[in-house]
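The two complexes that follow have chain A in common; it is paired with chain B in the first and with chain C in the second.
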Partner chain A sequence: MAFNTFSYLLFLPVIFLLFLICTDRLRWLLLLVTSFIFYAFLLKPLLLFVLLAVIVISFFFGMHIEKAITSAERKKFLWFGISGNLFLLVLMKYLPFTSSRIIAIGVSFYVFQAISYLADIYLNMAKAETHFGYFALYLSFFPKLLQGPIERAGNLLPQLKAKYAFDYANFRFGLLLFAWGLFKKVVIADRLGVYVDIVYNNVHAFTGLPLLLSTWAYAFQMYMDFSGYTDMALGSARLFNINLTQNFNNPYMATSVADFWRRWHISLSRWIFDYVFEPLQMTFRSYGKWGTTCSLLATFLVCGIWHGASWCFVFWGLIYGIYLSCSVFYRPFQKKLYAALGIEKARFLKYWRIFVTFNLISFAFVFFRSNTLGDAFYLITHMFTGKKNLQPAFAFSQGKYELGFLFMAALIYVCICVLRKNYDFLSFLKLSPFKKCLAVYSFMTIILILGKFHHTNFMYFKF
Partner chain B sequence: MRNTCRLVFLIIGFAIFYFTVVFILSSIQFKGLTLLQILTADKIGPGGWGHSLLRFRELQNIKNVDILFVGSSKAYRGYDPRVFQTKNYAAFNMGSTSQTPMNTYFLLKQYLPKIKPKVIVFDLDITDMAMDGYEGILDLLANIPISWELLEMSVATGNPHAVTNFLGKLIRDQKWPLASFDQQNMKNDKYISGGYVETTIDSEWVADDNIAKIKILNNQLDYCSKILELAKTFNIPIVEVIQPMNDILLRSIPNYKTIADHLKNSAMKRSVIFIDFNNTMHLDPFVDYMDEFHLNQKGVLKYNTVLLDRLMANKVLLPRAVGPIGTH
Partner chain C sequence: MTHDEIKNKVTKIFRDILDDETIVLHDNTTANDIEGWDSLSHISILYAIEKDFNIKFILIEVKQLKKAGDLFDLIKSKTP
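So, the complex of A and B:
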């Protein structure tokens, strides 16, 4: 069940009301059962078995890692646990037999979470959970089940066990965050998607500006879609007094590619940094900068393949590997150059770097979005050729008003971003009750009227 | 308790606010469409598309027809009542643009008690069964009077725009009554009494080589079953029919057989006659079709003649002496 569907808008309040009525002793059970029901709505029974298998494997080996006396035994159980989880991931996602029949929605997210749980126990950074029910809920908690964030046991488990007391501020904040995410998805991302799909699904019909504009539009569509989903997940969880990890922090304000990865899909970036990059870097540490380069290339190759078994994703991962590897070498010279020119603190330099970084990211996104590698290369080679004609770029819309609505939606988005401070909607709510109501009502009305409610899934579902 | 009251108050407040906004947006018209329709990308005004305004006006005066056809544009362009009149059967075509089984169900719920047909021919358009019924409802919201079933249909789409546009219609119909509109003329189309739309196009399409699986929505399959149950409660025999599709379109749907088999099994379980004309009839893609999906007049005449024979052979329609039709 996707968050932008009518069914979820009915499902969430019902579960929340049941949660309020339940006693603390039974709340975990209610959330666990509803999480499985939520997953069952995908109508793919096999996925329920996979989730259950990941839970059982991780719980069992988590306990054994903790109980093991020798470090060899601990290591053995760690690898058994990781292998079991990875086997299921590969089976569901990469083997043609299963992956062609079923889209493994959510699998990579909870498998990664299970691996981090096992690794944290092995590294003595977390204790193994002894209550099977809480552990199952930790992996299957419905707001983060399909697209993350990838939660660490240390953050989520204590919150799931905490006693619940209704908190109006939390409740209000959760609803507002949910509405904000819905706005990003149905009003902005899906509108941008119309244009992006027209160009990217038929790239050979275009040259020049439409290709460039659709690539930029895709970068924003992806951000609005994914961060919209995350906001809706965080908002849903907040109703139950649970704070999930923030997954985005203004990624397109990043001043370098490394900075971008600290702000984009933060839970995955941290996971990859902790469990792939760091072990690799430790292995190659004696090779200095070249060791770091190899680690970065391998890490982003893994990241690319994680997104899917296609050459486009491999290229996308490699591009990031190359960006970051290059920065290992040029960063010291760059710093010296800026210092020599005396511009290291200049404001224009910051904006210039933001612009360059955004374009580097957009370039990588060409591979991420293209249907085939051939399309991606066509797009890159034809982006700055052809007629300098704006007409095809704007001729995308089914109706002539579409572009105006998109502009209007973008304006509302920017205004709200300026009005609120970071994610503090409450600062925006420090208005008189009447104005507050009017602002929220207007916002909800905009979503209901300007949103696109045709069955469009979230873009990260397929990963 | 205080918080619950607060929440209820906020919800009621929002409902009032929302209705006020919809009222304002529905009261301003711009080039034949209200502002609400423009904002929600609902581009169909009264009299637009598919001749539904004329069809449903004519339907107001129809009682006790022999055959009622239901379905999408393939239905209103695919069943010519004049062919059935040659054997003295009164037929009416209640097809409408992108009418999915969900839309059909609510239309039948509304009109069956009044029309009381002797048999229903339910045209199954599998390409439309992949849609949620929102497109289907836009044509109906523009062209048929307000009814409880129309509200139920709006809610059943699961699309907030359908409900918003229903509210908009409530307001719009007060200010600009449906009766004050005329059917717009559609290029190359002619409305024939009995709900049929005849095209003057012979063949105007180019084949492409797209191949795509059709993913039928489960709720549309549920509505197919509900339609069969509904007909049963009114004791009206129903025949499920798949029109002959052009070879090129048929080849482009690799899972066609699976879907057709599923529909056939579902019909057989309820002892309903199911005829897939793709198994028994072949029409020329560039002679008998006006476009990729729809038959032209030549194709309709060929298809309807065969269908009529099949209905008579299956004893769904009993032979009649040719003479004046008294039921229409």
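So, the complex of A and C:
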């Protein structure tokens, strides 16, 4: 079930109450059963078998990698384990027979997590888990099951095994973070989606400014949707004293594309870097910058294909590969140029770089969002041609209040960001109890009034 | 080679690769402390160290490196 549904809003407190009254020795079992029930709500039994298969394969080969005596044996079990997991991923996502019949929600995420587990054992960065139940829970823990974060064994397993004691600070923070994520998803992301869909589902009806504005809108829709999900996942987990990995760090404040990938979908970019890019770069290191370039192109090709078996995603990945490859060559000259002009510490330079980086990211998003490659090429070739005014249909086809709702949502978002410090709601917590209650009730009312509750899935469900 | 000799040599390599004569390395220095020392330049730096010290790193060793001191210790373990 999705986090932005009323059934989840009933599910979570029920599970939490059961968790509180359950004996500590069996809490892992309660969470494991709950996670499988959570996954079963998708009404796709095949996915449950896939999850179980990934758990069994990874547990089995993880133990064998650790017990293997020779390096060759360790490598053999590693590749068997990776192959088994990738086979399931390819079967569910990329083969026409299965991928056209079932949306493999969650598979990409927990398969990658399983591969990271096996690789970490091989690289002596983690120990194989000997308790099957805890391992199963590590892969299936419901807050992160459908869209990540992709958790490392070293972070999540110890937390799942720790003795639980109710922590009011965690409980409060978890609920606040969950509400914040819900606001981002149903109030901002889904409303932005209205405009994005009008243009991107019928691109040939538009030229000029609507194409540009809807692309920028999509960049924010994607961020609000995915980071909103992440906040709800992290908030849900925090109720159980589990700290999942933060997936976003103000990505649109990045001053370069490389910086962007240190701030966007951090668990995936770390995975891609640790298990694809770095090994490739080590292999090709004697080829200098060209070796790095090849590694980057291959890495982002994998990143693109992970999102889906479509040329649009391949192009999207290759664009980032090209961006970063170019930066390998021009970065030294760029540094010298800034130094020669005496602007390397200038404030305007930072904002200029943020602006340029955001537009590079938005350009790539054209391919990510477009329904076909043809649509993507039409968009980029007609973005600065044709009529420059906003088409009336683009702005008002959903009713004259839609734009107003969106404006209010954006204003509230900006205000809360300005008032909130350190991302952990500390400034909120300093308010008096009356003001805190007032703020919370006002916030929930805003979500109910401005939110779009016509059920829309999280965007990363389809990856 | 002594620890300090290794540190001085590695510092010179960092300065050459990252084109920054002001770089100073300590045992606790991490990538967060050095501008330009990131995932794109990291392996280039390691390759330059391999050539200069006539040693070879393997991926498992590289993955264990958390700070400059770990790198100095690794180099020392591979040099006479």
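Keep this in mind: the second predicted complex is superposed on the first by the 457 of 463 C-alpha atoms of A that agree within 3 Å, B and C clash if a C-alpha of one lies under 4 Å from a C-alpha of the other, contacts with A are read in each partner's own complex, and residues count from 1 in each chain.
As a convention for this text, a contact is a pair of C-beta atoms (placed from the backbone, for glycine too) under 8 Å apart; a residue touches a chain by one contact, two chains touch by 3 or more.
Please read these numbers as outputs of a predicted model, since none were measured by experiment.
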item	value
Chain B versus chain C as contact partner of A:A258, first or second or both or neither	second
Which superposed partner A:A2 touches (first chain B, second chain C, both, neither)	neither
First, second, both or neither for A:L43, with chain B first and chain C second	first
First, second, both or neither for A:V314, with chain B first and chain C second	neither
Contacts of A:L450 with chain B and chain C, given as first, second, both or neither	first
First (chain B), second (chain C), both or neither touched by A:V54	neither
Which of chain B and chain C A:I188 touches, first, second, both or neither	neither
First, second, both or neither for A:L324, with chain B first and chain C second	second
Chain C-contacting residues of chain A that also contact chain B	none
Complex contacts: residues of chain A adjacent to chain B	5-7, 43, 166, 168, 171, 398-399, 401-402, 405, 437-438, 441, 444-445, 448-455
Touch list for chain C against partner chain A, complex	19, 36, 38-40, 43-44, 46-47, 50, 57, 59-60, 62-64
Residue ranges of chain B in contact with chain A within the complex	3, 6, 10, 13-14, 17-18, 21, 25, 36, 38-41, 43, 132, 134, 158-161, 164, 218
Chain A - residues contacting chain C, complex	123-125, 258, 273-274, 277-279, 281-282, 285-286, 288-289, 292, 324, 327-328, 331-332, 335-336
